[in-house]
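Right after this note come the structures.
Shared between the two complexes below is chain A, which pairs with chain B and chain C, respectively.
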Partner chain A sequence: MKEIKDKMIAQINAAFPEAVNKAYDGNRLDFTVHKDAIPGFLSHMKDQLGFRHLSHIAYVDWIEENEFELVYLLWSPTDKVKLFVHTRIDRENPVMHNIDMIWRQANTYQREIKEMLGIDFPDMVAPDEFILEDWDDIPPFRRDFDTLEYVNRTFWHRPGREDAQDVRETISKRSGEEIPDFAKKYSR
Partner chain B sequence: MREKATTLYLGPQHPGITGNMMVRLKVMGDTIVSAQTEVGYLHRAFEKLQERRNWLNSFTLMCRFCVPETDPMENLYARAVESLDNIEVPERAKYIRVMVLELARIATQLMWYAGQNGSLGLYTMGQWSIGDRDYILDLFEQLTGGRVYHMYQWPGGVRRDLPEGFEGKVLRTLDYLEKRLKDYDDLMFSNSIFQKRTQGVGYVPKESIIEHGVVGPVLRGAGIRSDIRIDEPYEVYDKLDFEIPTQEGSDIWARALVRRAEVHQSIRIIRQVLDQMPKGEFNTSIPNPMKWRVKAGDTYVRAESARGEVGYYAVSDGTIHPRRMHLRGAAYVHAITLLENILPGQNVADVSAIMNSLGTCAPEIER
Partner chain C sequence: MYNDKNSKKIVETIQNWARSHSVWVLAYGTGCGAIEIAPTMTSRYDAERLGFRGAATPRQADVMLITGYLTVKTVKRVVRVYEQMQSPKYVVGFGSCTINGGMYYDSYNTINLLDRYLPVDVYINGCMPRPEAVIAGLAKLQQIIREGKANGAEKYLENLEWYKENQRKIAPNWIAKAPDLNW
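== the complex of A and B ==
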C-alpha cells in the first residue's frame, strides 16, 4: 500500500505542484487544493489515477476562520485507496465551481451544500429548492444558525404543553391527587 | 393530433414502502417522459442536532437515519469515533458486531422482499417475509433491548455481551430461515408474474454506474464484483470466507437474484462468526461521556449496508461536541440522479418496483 501511495503522491505532485499533501497511515491519501483547481484536479484523479468513484462531498463550517471547507471523498476500486481532497471557500463570498459534469451525482451533493451552507454553484442546473421549502433564514447548517432560537421564534407551545414542566406536579394539579411522599423527592 | 404530456405525482405517502418522498412524473399515456425526485418531508436535521450533543448523546441519533436498516449507521459512528480517538476494540466485540450487521442485512432484505413484491401487487410474499423478519427482531430484542433501534454498537465495542444461550437461538433461527428461503423461491422467483414484471425493467446502463456513484446490489446486479467488506475490510470481515454474488442483467430481476444470494451469504457469515468468536472483553472502557474530548481530526469510514455503501465523515475539534458529522447514504445517489435518469421510457406502473430495487430509503436522503 505504501508503494502505491508514494507513486500516486509523486504523480499528483508532478501534475499539481501547488497541491499540499498530508501524510496518513493505511489507505488514506490526503490533499488540499485551491478551490479554482478543483475541477481540473478531480477530473485528473478520475481519468488518470483511477479514482473513479465519488463517495461523497462533505462540508464543514469553520466560522472562526471565516471559511467553509468542502471535502471530496474519492475511492480507487483498483488500488483500494481512499482520497480526501480538501478545499476552503471564503465565507463572505461563498461561490464554488460545479463538478456535476465529472460525476452527475455531484449535482445532488451540491444542491444540499447550496441550501444548507449557502455556497453558490453558478454553473449548476438544478431546481431551486431541495430539502427546505420557502426558507428565508440564514442557511441552517451554518454554525451561527441557532436551532433553539429559531424554534422558539417560529413555533409556539399549545396551552398546557409548555416545556420544562414538572410532570408529577402538573398531573397532580390537573387530577387533584397528591404526590405520594416517596415520589416528592424526585420533583423539582 | 399530438398527445399531451400529463404530470403525475407519485407520493409523498410512501410510494412503495420507501419512506415519504415524491416523484414528479411527466407521462404520455403509460410511458414516462421525465421524472424528478422531490424530498423534504422528513428533514430532521440530525447532523445539526449532533453539534449540540456530546459524543455519546450524539450516537443515539445515528440509528434513526434509515429506519429499515439501523445497524450499519451505528457501526459507522462507533468506528468513526474509534478512528479519531485511536480506540482499540476487543476482538470479541468485532465478531459480535459482524453478527449484528449480518442479522441486520438479512432483516433488511426480508423487508425488501416485502416491498419489492408489494410494489407488484404480490402481497403474500410480504406477509411471509415480514413475519420471518420478526424472528430476527426477537433476537435483537433479547440482545439489545430494542427491536428496530438498537443503540448497541457504541464506541469501544458493544454495549453488553451475548446473553446465555443466545448463539443457539441464532443458529436455530438461521436453520429456520434457510428452509423458508426455498418457499420464497417457489412463491417469488418461480412466479411468472414476478419474472415478467422484473426482467428487462428498471435497467441501469453500465455507462451510468460511475457517473451516478452506483453501489451495492444495484452495482453487483450490473456484473461488477464490488463490496466494501472485501475492498476495504472492517471489523473481522477479512477473516471470514464468503462470496460476492453478481448478475449481468442490470434490471430488477438481476438485483433480486443478487439480494437472494446475499441472504444465503449472510447466513454463511453468521455461522462462521459464531464458530470463531473468541471469549474475552466485549468493550473497552471509554472516558466519562460528559467530559469526553475526542482528539481533533477528521475521518471517513465506510460500510457495506444491504443497499450499498454508507459512509460517515466525522470531524472533531477536540471538544466534547462533534464538530461535524455527515452521512453518505446509499439511497442518496440512487433515488435522485440515478432514478431520474432511468425512469424515462419506463411504464408508470413499474416506478414503485424500480424504486424498491434501487434500495430507496427517503429518511436517509434528507436526514
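== the complex of A and C ==
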C-alpha cells in the first residue's frame, strides 16, 4: 500500500506541482487544490490514475474564515485507494466549476450543494428544485441559518416542553454520578 | 316519513354503527411509524378482526393514518390525498411527531402541529406507539364514529379558510396553484 501511495503522490506532484499533499495513514490520499484547477485535476485522476469512482462531494461551511470547502471523495477500485480532494471557495461569491461531464452522478451532489449551501454552478443543467420546495430563506445548511428561529417563525409549538430537563444532568443528579469533563460541553 | 327528525336520527345511528365496523385505512405511510402498520394488519395483531383493513386508493378509504413526522413536502401531498378522499373520512395522528413535533420539534423542514393543517379525530401518542396502542386508537375512533362525534371532515369544510391559510404559510406557491377541494 505504501509503495502504491508513494508512486501516486509522485505522479500527482509531477502533473500538478501546486497541489498540496497531506500525509494520512492507511489507504487515504489527501490533496488540496485551487478551485480553478479542480476539473482538470479530477479528470486527470479519473483517466490517468484509475480513480474511476466519485463517492461523494462533501461540503463544509468555514464561517470564521469566510470560506466554503468542498471535498471530492474519489475511489480507485483497482488499487483500493481513496483520494480526498479539498478546495476552498469564497463565501461572499460562491461559484464553483461544474464537473458532471466527468461523473454524471456529480450532478445530483451539485444540486444538493446548490440548494443546501447556496454554491452556484453556472454551467450545470438541472431542474430548479431538488429537496426543498418553496424555500425563500437563506440555504439551511449554512451555519448562520438559525433553525430554531426559523421554526418559531414558520411553525407553531404546543406548550409543555418548558420543563424539559437535560437527560445527562438529570441522570447524574439522581445516581450521584459525575459527568466527565469531555461530556460537559454537550449538556444544555 | 324519512324526512322527519326521529327517523333521520335512527338512520344516522344505523349508518354510524355500520361505518364503525368497516373502517378502511389508507395504506399510505408518511413517516417512520409506517413500520408499525404491517404487524398491526398482519396475523400477529390482526386488526381485520375488528373491521380495519387496508384500502388501495384514497377514494376507497375512510381513515388516513398520519404515521409520524411530516415534512413540508409531505404535508402538501397529504392535503391533496385528504381532499381526494370521500366523506365520511377521518384522520388519525400517529406518534408524538404529529402532536407536538416530537424529536423533530426544532427542524426546519418538519411541521410541529398537525391539527393546524388537517382536522385530526384521534391522536395516538408514543414514539413509536406499539401495535396495541394503534389498535386502541382505532377502537377509540370506532367509538367516536358510533357516537357521531367524528366530525373532522365537517370541521375542515367549516374552517376551510383557516386551514388553507395555514397550509399556504408553509407552501405559498403550491397551494396557490392548487384547486380548492377539487382534486
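The rule is short, and it goes like this: the second predicted complex is superposed on the first by the 156 of 188 C-alpha atoms of A that agree within 3 Å, B and C clash if a C-alpha of one lies under 4 Å from a C-alpha of the other, contacts with A are read in each partner's own complex, and residues count from 1 in each chain.
Keep in mind that, in the parts below, a residue touches a chain if its C-beta (ideal position, glycine included) is under 8 Å from a C-beta of that chain, and two chains touch if they have at least 3 such contacts.
For clarity, every value in this text was computed on a predicted model and none was experimentally measured.
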| item | value |
| --- | --- |
| First (chain B), second (chain C), both or neither touched by A:L132 | both |
| Chain B versus chain C as contact partner of A:R52, first or second or both or neither | first |
| Touch count on chain A, higher of chain B and chain C | B |
| Touched partner set for A:P140, first chain B, second chain C, both or neither | both |
| Which of chain B and chain C A:V95 touches, first, second, both or neither | neither |
| Chain B versus chain C as contact partner of A:V20, first or second or both or neither | neither |
| First, second, both or neither for A:P77, with chain B first and chain C second | first |
| Which of chain B and chain C A:V151 touches, first, second, both or neither | second |
| Footprint overlap on chain A, where chain B in one structure and chain C in the other make contact | 132-133, 140, 145, 147 |
| Complex contact set, residues of chain A against chain B | 27, 52-56, 58-61, 71, 73, 77, 80, 82, 84, 103-105, 107-108, 127, 129-133, 140-141, 143, 145, 147 |
| Footprint of chain A on chain B - complex, ascending | 36, 39-40, 43, 45, 47-49, 51-52, 210-213, 226, 231-232, 298, 300, 302, 309, 311, 313, 315, 323-324, 326, 328, 332-333, 336-338, 341, 366 |
| Contact set on chain C toward chain A in their complex | 72-73, 76, 99-101, 105-109, 111-113, 116, 169-174 |
| Residues of chain A that touch chain C when the two form their complex | 132-134, 136, 140, 145, 147-148, 150-151, 154-158, 160-161 |
